[in-house]
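Below, chain A partners chain B and then partners chain C, in two separate complexes.
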Partner chain A sequence: MQRKRTLAQQDMLVGFALILPSFLIILGISLQPILSTLYLSLFEVPRGINLQNTFVGLGNYISLLSEPIFWATIGRTFYFTVISVGTELVLGLAIAQLIHAHPPGWQFLRTSLIIPWAVPTIVNGTMWRWIYNADYGALNGLLFQLGLIDKYIPWLTRPDMAMNLVILADIWHSVPFIALILQAALATLPPDLEEAASVDGATAIQYFWFIRLPLLRPAILVALIIRTVEAFRAFDLIYVITNGGPANGTVTISFLTYLEMFSFGHAGRGSALSFLISLFTLTLAFIYIRMLYRPEEK
Partner chain B sequence: MKKTLRIILLSFLVLLALLFVYVPVAWLVISSISSRSELLSTPIHWIPQHPTFQNYINILFPSQGTSEVAKTFRITLWNSLMVATSVTVIALVFGSIAAYALIRLRFPFRQTLLIGILGTRMIPEISLVIPIYLFATRFGLFNSPIILIITYLSFALPFAIWLMAAFFESIPVELEDAARIDGCNRLETLWRIILPISTPGLVSTGLFVFLTAWDEFFFALILTSTVSAKTVPVAIAEFTGRYVVDVGGMMTGGVLAAIPPVLLSLIFQRYIVSGLTAGAVKG
Partner chain C sequence: MKAIRSMLFVLIALVILVSVVGCQPKQPTGPATIRVLTMEQAGPTVDEMNSIVAEFNKANPDIKVEIEYVAYDALHDKITTAMASNPPAYDVFLGDDIWYAEFAKSGYALDVTDRISKDMHDKIFPAAWDITTVNSKVYGMPWLLDEKYFFYNEDLLKQAGFDAPPSTWEELLAQSKVLKDQGVVEYPMVWSWGQYEAAICDWVILLYGNGGSLVDDKGAPAFNSPVGVKTLSWMVQTIDDGYTNPASISYVEEDVRNVFSQGNAAFAVNWTYMYDLVNFNDKESKVTGKIKMALMPGFEGSGAQSASINGSMGFSVAATSPNPDAAWKYIEFLTSESIQNQYSAHLLPMRSTSYDGENLTKLEAYTPANAVTVPMFNEQFPFAHVRPKVAYYPEASKALQLALQEALTKQKTPEQALNDAAAKWVDLAK
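And then the complex of A and B:
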């Protein structure tokens, strides 16, 4: 009795043993830090070493929420997220359908899409920054030679323009991701569906709206949530293309948090901001997980 | 007639999509093999008249006169490779055994743990960075590759568990039952039966983890300060921030940093597409 444990007990023991290392690592490098960040967000943290932190309760949150700069940043963050993810979804869906129609070269296109997705974000940003360069950039060169502009334009010196150009770099990187996911989803749809629909008298547009799009809904939602989480906390591209400028025109919430923490020396306020970002992304993540782990109904 | 028109239209769209993909990359590559004077010429020299591979030679085979930019790239490329490879190996080992337990073994809080782990993957880096920074400075790990490896596990490990869990779920349970009946215990089953047929899952997971670690910028920006730990994205970002010093050198660094992930992704293409659909999340 003592020597031979039941199968269930053995499973439980082995199970805990196998999970333990991962559990400890995640505890140490994710859970502990995020909790101490939350804790820190309740304090005013002075700049010098060995100075005492002052407990301010929700003070950091309240002062942030009452500042126009916070709301301007939130506005820019939503602009960035909505415009980039929206455009990426439309273009990604279009390219996915294009591939699905199997025109000449579709396989080559599908393979090519992997390239922008695989290029490291910082390389992507550097490349576009050079393209946008006011004096020697390819964008000015191209538009000038085509006769579309009569003198070189300093693209990144206007806040709204700079924001849209950062979005363009994000689009270049992420459209392939959405296109690849959606074309894989399209490939799993029954092939004779379109024929059946057209026999029943559906036009191509009706087929798209009432049959294809609803069937793609789960894949679209997954792509949408993943991209929204990423766009909402975009940092790398902004850092390398505009560094938040001009005139804070490209400062989104992650960038503001970075500035508060590492330039202004406001660790408490920065922590409060970072916790707000976590709250937003974890809510989205929760929706995402609920979708993935719906009771086995697939 | 209508059919021909359709094919022409679709081919035109394919061409547009291909231009969208390749024009920026082409300019990156062209800039890396252009001489300084051609890069700074107006009107632009779209095709360099005197292409040169000097930038590549400077970075890959440095000599005495090599610029600071080139030297930095060479070292940081190596740092990136070390960090990304270590993270991949550790995440694969611990992640796959944890994923197996979460999917196959019955024990309390299994589902809660699985969902909790998936949730931690979504925690933004910026919410972790201050405590990690304090930890690193206190224990003398600031500016060391070790702190990057540890820190990168915060996203790599949940990610690996997630992907491997999806993969294990697709393996028929009957296979294991057969092994159990033949007298294997759980660990033997895992080692002899599951691991050998898990190669595709391990390859795909390893690939995603490696790409994400290679791409990582924010932690490396905060936690490193010199070439003894700096990764290649940090080096590139630093040079970009300065005046137009050595665009050709910078673009060459960019091309070299992009080659490993692009090549790996193209070689293991089918794993990428299947990984993406399994709920993979490198955006």
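And then the complex of A and C:
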């Protein structure tokens, strides 16, 4: 019996062996692409077969950050993210509470909520492109029938309006996600809190504001992180509904990355943009966690 | 620590092993599979393309063609992405005229100069060979010989009291005014001015029809000339006056076809394929039998009688394809004279011999649409203009699309927008 390893060392070895498979998967599908993107972003990459890359250091980043089109795109991306996630949160919370109140037919409501969320984004985009069509779209048809407009409106022909309509399509798609998460969280809240509050004479608003909302905070945090990161990277809806138009009015950071990388063949600049997106989303997630996970609530 | 180090070593070895094994190209067994990338838009329908593939597969048991369709606007990016892997995801792809400079420079398209026989070369229009030829090397077979045409709804024009289509854009505006004032149609014109390549095509028609050009003799941008500014201002004005459907700013060719098929426009500009679908297809159109084609108008006093856009495409073999011979065989079949004649309703043949004497009579009789589109092609094609053949075309085009859109949505004046785009073109050429 000449075992050299202590018990702790053995534990560590077993531990490593156990995490090895998941570590390999993470390495393969997440770390490796991120690292090669970072590597590629330091080069000028010509498009073609058997061509040499040129090392340019931070050149791609510097040239991107000095271009007005980049900052205009960042501005639009923030607008898209803030408006779409903000509206989704308010609407999602309202719907979650509605379901939680168990009105007649609430089970049907909860099930049908999944439909917009289950529709693939590309299908969703194509559908809204048709709805928004100025000459035979459902939106003009509906508003005209209701007598709200006396003339068809060309919806997607003004940059600001096009952006808001893409956001509307995104909201339709994503509200159910937030509603379902929050509804599930509401269902786990202990009912005695509500009873205690009403015994103490709390109004509905007080109950919502001081009891329900703080208890929902972790669920809101999760929904917010996921949705903000998604909205920040919004691409497919824009690609299908507007293709970035009119006049670049709906070009967000992911769409710009797509153009640089795939349409223009600037793999170096495209990689730099991708990496910047990762940095932005990481920062956002970090801020949320600091804001919502207060230390005393551990 | 030793344990961690050896663990890391094993890990790295594993990763390398997995990636090496994963990258081994599979040895072909059985019939050689040829994967084809083409588009579902302007041209033969998917059913027609599928039946050509079925015919080829039946005649060639040693080759199996698999065909995939994307929208035109996704085609370029899909090709260039597919070419990044080895072997490439596709052996054959459909390339647009404007991409061949890039395909030649990047080495994506196989140089097939030696595979073109003299007979093939002589029978096909020189303008068709121009599509796939870069620096006197041929990178593919021309296929979709197309240009945009001027369509009008004869019924609507008659209602407004006009017996003949306009021959100039000024005359078109005068007719539009009557059509609009009499309430025959709210927006007489519909265009594809969305932020896509389609906008460039319509712009070329108007610009060259006004005596302008995209680039000068040395290849420097010339579209921001006074003529260019005047032409773009004309476009903006037709929207302001309500002659152009304002939704044109978000439209592509299919939207133009849909609006025109509903009888909601008197004039439209589109590719050949629209004629058959709008004039003969009851399922797709409410105005069958009422649609005519005419020579594209020009602007008065510009010296240009007419102008159109050459939007031809070609089929190429991927340079790194493991089966270039089988791939070329399929392309030869697809572009053969008999297939071209058989499917000529949505795609005009590119052999000059198809337009001679007895062959012309036969060609015109193949489909009801041909009786109109074939003579129209002969009349319009001499006025078709090509876009610059430069390797950076996709980026240059996006800059020009943006300029047109900025002017149409009034973010910038036409002059400012075109000058900015021209500056970008100069940058790109450096």
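Simple rule for what comes next: the second predicted complex is superposed on the first by the 246 of 298 C-alpha atoms of A that agree within 3 Å, B and C clash if a C-alpha of one lies under 4 Å from a C-alpha of the other, contacts with A are read in each partner's own complex, and residues count from 1 in each chain.
Note that contacts are C-beta pairs under 8 Å (C-beta built on N, C-alpha and C of every residue); 3 or more make two chains touch, one makes a residue touch a chain.
Since this is a predicted model, take the numbers as computed values, not measurements.
A.B. asks: Looking at the overlay, what does A:247 touch: chain B (first), chain C (second), both, or neither?
C.D. replies: In the superposed model, A:247 contacts chain C only, not chain B.
A.B. asks: Touching A:36 in the superposition: chain B (first), chain C (second), both, neither?
C.D. replies: First partner only, chain B.
A.B. asks: Is A:104 contacted by the first partner chain B, the second partner chain C, both or neither?
C.D. replies: The answer is first: A:104 touches chain B but not chain C.
A.B. asks: I'd like to know which partner A:12 touches here: chain B for first, chain C for second, both or neither.
C.D. replies: A:12: touches chain B and chain C.
A.B. asks: Applying the touch criterion given at the start, work out whether A:262 contacts chain B, chain C, both or neither, answering first, second, both or neither.
C.D. replies: A:262 contacts both chain B and chain C.
A.B. asks: With the two structures laid over each other on chain A, which partner does A:154 touch: chain B (first), chain C (second), both, or neither?
C.D. replies: The second partner, chain C, only.
A.B. asks: Tell me the contact category for A:53 with respect to chain B and chain C: first, second, both or neither.
C.D. replies: In the superposed model, A:53 contacts neither chain B nor chain C.
A.B. asks: Touching A:133, do we find chain B (first), chain C (second), both, or neither?
C.D. replies: Both partners, chain B and chain C.
A.B. asks: Report the partner of chain A that touches more of its residues: chain B or chain C.
C.D. replies: Here the partner covering more residues of chain A is B.
A.B. asks: I'd like to know which partner A:164 touches here: chain B for first, chain C for second, both or neither.
C.D. replies: Touch status of A:164: no partner.
A.B. asks: On chain A, which stretch or stretches are contacted by chain B in one complex as well as by chain C in the other?
C.D. replies: In chain A, positions 12, 16, 23, 133, 135-136, 243, 258, 262 sit in both the chain B and chain C interfaces.
A.B. asks: Residues of chain A touching chain C in their complex?
C.D. replies: 9, 12-13, 16, 20, 23-24, 27-28, 46-51, 133-136, 154-159, 162, 242-249, 258-259, 262-265
A.B. asks: Can you name the residues of chain B that touch chain A in the complex?
C.D. replies: Touching chain A: residues 7, 10-11, 13-15, 17-18, 20-22, 24-25, 27-28, 31, 39-44, 46, 94-95, 97-98, 100-102, 105-108, 110, 113, 115, 117-124, 126-132, 150-151, 153-154, 157-158, 161, 185-187, 211, 214-215, 217-218, 221-222, 232-233, 236-237, 240-241, 244, 247, 250-251, 254-255, 257-258, 261-262, 264-266, 269, 272-274, 276-277, 279, 281, 283 of chain B.
A.B. asks: Which residues of chain C touch chain A in the complex?
C.D. replies: Per the touch definition, chain C meets chain A at residues 3-4, 7, 11, 14-15, 18, 73, 76-77, 80-81, 83, 102, 105-108, 194-196, 245-247, 249-250, 255, 258-259, 262, 264, 319-320, 392, 394-395, 398, 401-402, 405-406, 408-409, 411.
A.B. asks: Quick one: in the complex, what on chain A touches chain B?
C.D. replies: By the definition above, chain A touches chain B via 8, 10-12, 14-16, 18-19, 21-23, 25-26, 29-34, 36-37, 40, 95, 98, 101, 103-106, 108-109, 111-123, 125-131, 133, 135-136, 138, 141-142, 144-145, 172, 174-177, 180-181, 184-185, 219, 222, 226-227, 229-230, 233, 235-236, 239-240, 243, 254, 257-258, 261-262, 267, 270-271, 274-275, 277-278, 281-282, 284-286, 288-289, 292-293.
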